[in-house]
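All chains are identified by letter, namely A, B, C and D, in their written order; residue positions are counted from 1 within each chain.
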Amino acid sequence: MTASIATSQTILVVGGGISGMTAALEAAECGKQVILVERNATLGGRTALLYRYFPKMCHPTCGMEINLRRIKANRNVRVMTMTEVLEVKGLRGDYTVKLKLSPRYVNSNCTACGECAKAVDAEIDNPYEYNLAKTSAAYLPHNMAYPMHYVIDPSIIGTSDADKAKSACRYDAIDLDMKEETVEIKAGAVVWATGWKPYDAARIQPYGYDRFDNVITSVEFERLANPHGPTGGKLLRPSDGKEARNIAFIQCAGSRDENHLRHCSRICCMASLKQTHYVREAYGDDAKSTIYYIDIRVIDRLEDFYQQVKKDPAVSFIKSKVAKIVEDKEGNLVLHGVDTEGYHRYATTHDLVVLAVGMEPETNGIKLPEDMLLDSSGFIEGSTLPEGAEGIYGAGAATSPLDVNRAAQSATAAALRAIQVVHKTSTVEGAR
Amino acid sequence: MAEMKTAAYICSGCGLGDKLDVPQLAKIAQKEGKMALVREHGFLCNAEGVQMIRDDIEKEEVTHICIAACSRRAKTDAFSFPTVAMTRANLREGVVWVVAEGTEHDEVRQEMADDYVRMACAELKKAKLPAGNPNHTHLKNLMVVGGGMSGMTAAFEAAEAGYEVILVEKQASLGGWAGKLWKRVPFKAPYAEPQETGASELAARVGSHPLIKVHLNTTVAETSGAPGRFAIKLAQESGSLTEVSVGAIVQATGFATYDINKLPELGGGLDHVVDHAGLEALAKASNGGAIKRHDGKEVKSVVFLQCAGQRDEKHLPYCSGHCCATSIKQAMYFKDANPEVSTVVVYDDLRVPGMGEDFYRSAQHKGVVFAKGKASKVETSGNGCRVNYRDLILDADNVIEADLVVLATGQVPSSGVDIAAWDKVTKEAEGGSEEAKQQKSELKSISILNLTYRQGPDIPKLKYGFADSHFICFPYETQRTGIYTAGPVRRPMDILQATEDATGAALKAIQAAENASLGRAAHPRAGDLSFPNVRLEGCTQCKRCTVECPFGAIDEDEKRFPLFNEQRCRRCGTCMGACPVRVISFENYSVDTVGSQIKAIEIPDEFSDKPRILVLACENDAYPALDMAGLSRIVYSAFVRIIPVRCLGSVNTIWITDALNSGYDGVMMMGCKKGDEYQCHFVKGSELAGYRMSKIGDTLTGMGLEPERVSTFEVAITDNQKVAGLINDYVAQLVEMGPSPMKGFG
Amino acid sequence: MAKKNYAFYPGCSSQKGASASNFVPSIEVMCDKLDIQLNEIPDWNCCSASIGYGEGSQLSRLVLNARNLALVEQNMPGQDLVSGCPACWLATRETAEKLNEVDSLMADTNEALKEAGLSFKGTVKARHLVEVLIEDVGYDAMKAPVVKPLEGLKIAGYVGCQTNRPFGIAGESFENPQYLDKMIETVGAEAATGYEQKITCCGGALAFSEPEKSQKQIKDIVESAYDHGADMIVTPCQLCQANVEIYQSEINKKKGTNLTMPVVYYSQLMTVAYGGNAKQAGLDGNVLRPQKLLDIASK
Amino acid sequence: MSELNQKAVALYGNNFLKEVTERVEDGEWVSMCMQCGVCAGSCPLGPHWEHSPQKIFRMIMAGKRDEVLTSDSMWMCTSCYSCIVRCPRKLPITHIMHGLAHYANRLDVAPKGQPTRELARVFWNNLIKTGRVNELKFSLAVYFKDGFSQGIKNLLSMQVIALGLMKAKRLNPMEIIGGHKCKDVGGIQKMLAKAQEIEARRQIS
């Protein structure tokens, strides 16, 4: 199949989030052949799970819709989901890449009619809701999923639930005999766009993410605010479903911290500023957001957004790294610390605490090509090979903690670097 | 090309067959839709169904196909027939998934499906397969304007990909600001020390690259044409003109520093107060040794004041982003030459995102002192300066005496003419104002690209003079197709970002040239081969299309007719919506393709209690939201008939009046958010639609209709729940209002 | 099974007649059951504790601790230095790490040690007795000798500061360490989970100099244990034990409270669970009688 | 002003950050503080002191020498190490506080009669006498540090506690006439004298 099509003129893009999609499309729209591989069952990555983008408060799915339309319209891009890179061998212009294809147990006959989900009893934690909700073990990742195909969770394979799913399908789309496969493909250049993951908030012990239900992360808060999310867009706190009107946002949750992530994750200040909008939109003047920060890092035009939020009387700013959180008997959280601007000690009670968790590169924990050069946080800095010998390029949040706009910018640049490789390879081959 | 032969394929899978009378749909396609070939299939998108269609295309010479199945957004891999014109009747997401369950709804459900089949057949007969612009051009070389770090990078990276580049620099040498720096902020691990700028090395590589032609002491005197065929006049300092042609353009014209004389309270203008650029000059002069002031005194104490004239409504409201790291770097110049030099950085928020945190740590390690505070006054004191500031941590006023004060001022983009100002003076000048004519020529003198475009000589700015994209997901969107900005002209940035940005911009320029050479549209309708066709003989020279085109694609010819530059066109259809005499159309999207759909439906009489509402939904956000309502099985009224449009800007008022004349009870228009934070991918579609509809109030009154029968709504892509509510509320409102008095006259 | 040998550093408070003297008998039984052989370091000296800094210079304090390390290195090769007292452990471990990190301090220290006829190469590891129990013995082995499970006892595990921070036991969290609760459960008692004062500072040495402030801390620690229904508090720290136990009467006097919450060592629990009597467990040394534990011990 | 203090002022002038960096244990870390304040919020005795660690660090950087050295804040450190484990810059705050207290004490500018300062002095004197701490003598010395009559008052107020401890055999009245001590007291004292000599050599001369 795919393996036979790829050649040394092919650009392999690893990771199907906003950066990978962008890199793949930008190269393909220059006329290059691209294979886009994604580990999950759908493209879209983490941005597809966000409710809105700062500073425009627009919806990530809007850009995704356009990118998906570009993919649907472009025959140069070949998308492989549920696919991981096992190994990259070879040199610039001539890579052999080993891919692992995990079984979806659903083939392209799937029409997304949803009958299998209705037939299955078992439920799993929904990874596309950061496990805040359950979903059927036969599920569509989300409404913007691409490919628009259901997935059968491996946990029900071999159970009667799997058989129920199969018999519910009228289109012969469920194939319970699918097996993991390994294929090798050729590629001339590789764009590595594996993105980021939220830092494990449980490790920030003073904030008790693992102990207190009402301490959640910023990515989880995005799901709460999302009308497609587990609470239908209502800001209800996990412990008792009570409306969370008085919300604390703790900045640098894991970032700028030698005990956790050394780097500044760049996006979290803007993310929390954005999230105060959600609170205001939900409760108007009854809303109360408090941002605990060290420095508010919003650069360039984004400053406008900060100034606008600063004017909102429902939002207050405290220059302080919160020292610890204590839960009271009602499940409220008492934050202890000192406002360092003039030294004011506080012990403030909030309904909900949102940890603005840092961005950890997804490269931490996956096998990378050997010549990739990483910085001290694990972001891709470049190549260990001398200039001109490299053919694998980082893109997006795999290279640095970037916001979506800068990630797309970075991915566009990476696409050109990859094009340079295949251009030079073809020139050399042409000369032979 | 062969004769038009139509075929309709009606799917009964995904429950369509259970809930709809499919044979009746087939009959409608045949009888009313006049389809030459009509086939039903139980599972149209599977291999067998697709093969059936392929066989018909091949053996039956079918040229036009209508697929009555799921949404045009679904099963695109299966229903991909690039050689024929195709329409889709959305019976799944648009009918069976959104109409309430139960036999009591069978009738309205079937009527809805019947109408969608009628509409798709009607559209099909008016549609042509886009053939692409036969006049396409082939230039694939680039012009890069600006020879600083961004421009050099854009030129070099494009050339490395095999594209010829013309690099234009106003100054006598390449390098720009970077060339004036002693060192740059580190961009590689361990992010601890200032690094060499690499500007002269890059300049040398650019200068010697076989695919790059550098023009020094040169400016752009004129830019005309379009992607794939830009015609440029380059003006040398000597006065001579050179004409060149390029496929696409990267504008990397950088920034100027904010004038420190505008900051007298911070000591701007005093002897021992400099800005970052001034300090770089001192550092360069010291060549790694102790840094001396202009008067020769060795600096033993220095204070950096951050956000000088920045984040300040009175000066620059924005943050230039690089200045915290730049001050850290410059403080290190002192500490590295002599650790005994006292270096204090007075800041409000220390903004060193990403690995900049390591650079900050490194400076602290070297003993650079950071004081969160706000400077109130800098004055001369003895042979140096006294900095008065409020220490925000100690909550006390404090004073530092220093030999030198460095003001971290901001970047002011060198982006040329402000199009809004240009527009204003142009109108006034056309009205005969001599003053405006003078202003116009002054404005022209600062233009960078000197575009001959009717809408003005430079590319539109987003804010504060920065020519940035308005879109989060698409950082390189500009309103001038084939021209991309890169570096600090786009937004304030440091060298690392600028070089990354320039690389991306180079790709976009290459892509624009490649697309133009194939007659294809650029983003966001990338690959679209349709292009606007104009019947000039019907044109009344009203200029609405030239004024309203968001991309400045339409100029005027000598006879003042609109002159379409297809390669600049983004295929949004705004011109088509604007045209009062309906002479503009696309092969597969025209006044007719939509108008015929509107007229194709069956309007029940006024006694039936079955109102009909036309919904014109933006295909980018509203239509997907409606689709997702279907996916989530959110029920809405079966009285609506939905037609996706490329943009609300493309909606021609004739559609509205036709609909009302035909007996529709109301029209809903669903578009993207408008205003400053607009989400329209064609800039002002919603706004234009709102504006145009406000103008047809009189027409409605003349027809004896309530103005509420035409309403515009903002719908975001996530609004699947909301959109169903909007529909249901609107239907209820119309039911309350009673049937349209136009019914039966159509 | 052969006993594991450790160089034992009892510390000043564990000396006979000192504030933690009742700690010593309990660890004797415990170690015996767990095949731990503690060999007292010959002529050990004070670690300078956490209050020595005021008068004692950095080098003086390093030298004091280095002397103990040197005594082990010289006389007890191959044995880890083990202390039951968190302050001793902390000061010794910090010294060992600092000297290994900073060459000049190591040189200065050895110059001073020479005056006492000693030298230190930096090879000795300083450990806390609880670390030995968890890492070298393990929960399962700690459970094995239990003959009288402490059923019906609910105990608040008060970890305090210095066994926990900055090094921690077995890599556990600083904010919510679990090991003490696990040890409580190992001997058959119930741990008062959710005891939120488990890492609150008792005031340490400042119980002497700032009694009001420290007693406020102690009051919180004890009252929370009551709130969680605990019968007693257990701690791995000598100073915690003393402060939290003995100042309750003082707090009662000043605040009108009626606090009588027994405070015991983990080793006392283990000794009783392992079948030791009250005297072996040093329970006669508790000012506030841990009645329920005494009852089990006398069964 | 003590002679040492005078010397320090003469040597460092108004560059207090440099003085701290060079003279105070772990003082070189002070400049790494980024004013997040997590230390201030973590300190158990925080509510009682005037300057939080982070504020002390800023004061050092701003050259507030007198205010820092005479502050009693450092003397309220209980050595709980909460600040150290939470500090995102990994500053050894506990040690810096100890170092600053020690330095202020050495220069004799620390607040007179500050109870913990007195306690520390008594403790140290007690321990260097025998190499081990004699808790009874130590306690008595603490109670009598402000004179005899105050000492009796202090003693009476603590009587219940003392009796309780004695009953539990955890306070031995016999310690007053002897008690525990190291055998090689002489060696220890010589060793400590040497340490002082080395430090004097390295410190202000």
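Annotations
Going forward, a contact is a pair of C-beta atoms (placed from the backbone, for glycine too) under 8 Å apart; a residue touches a chain by one contact, two chains touch by 3 or more.
Since the model is a prediction, treat every value here as computed from it, not as a measurement.
With centres computed from CA atoms alone, A is the chain lying nearest the middle of all the protein shown.
Across the two interfaces under comparison, C-D and A-D, the one joined by more C-beta contacts turns out to be C-D. Chain geometry summary: the mean Cα position of subunit C and that of subunit D are 22 Å apart. Remark: subunit B and subunit C have CA centroids separated by 66 Å (rounded to whole angstrom). Averaging C-alpha coordinates per chain places the centre of subunit A 50 Å away from that of subunit D. With centres set at the average Cα position, the gap from subunit A to subunit C is 46 Å.
Residues of subunit A found to touch two or more other chains are 206, 256, 319, 324, 340, 343. Multi-chain contact residues of subunit C (touching two or more other chains): 174.
Under the contact definition stated at the top, the residues of subunit B that touch 2 or more other chains are 350, 372, 393-394.
Interface residues of subunit B, counted against subunit A in their complex, comprise 13-15, 43, 45-46, 70, 74-78, 157-158, 160-162, 188-191, 311, 317-321, 349-358, 372, 392-395, 462-464, 466, 468-476, 491-493, 497, 500-501, 503-504, 506-508, 510-511, 514-515, 523-524, 526-527, 620-621, 624, 628, 631-632, 672-673, 677, 679, 681, 716-722.
Subunit D makes touch with subunit A in their complex at residues 34-38, 40-42, 46-47, 51-52, 54-55, 82, 85-86, 88-90. Chain contact summary for the complex, subunit B toward subunit D: residues 342, 350, 360-361, 364-365, 367-372, 391, 393-394, 398.
Against subunit C, in their complex, subunit A makes its touches with residues 205-206, 208, 210-211, 324, 326-327.
Of all residues in subunit D, those touching subunit C in their complex are 25, 44-45, 48, 75-76, 78-82, 84-86, 94, 98-99, 101-102, 105-106, 115-121, 123-125, 127, 131-133, 135, 139, 142, 158, 160-161, 164-165, 167-172, 174-175, 179-180, 182-184, 187-188, 190-196, 198-199, 202.
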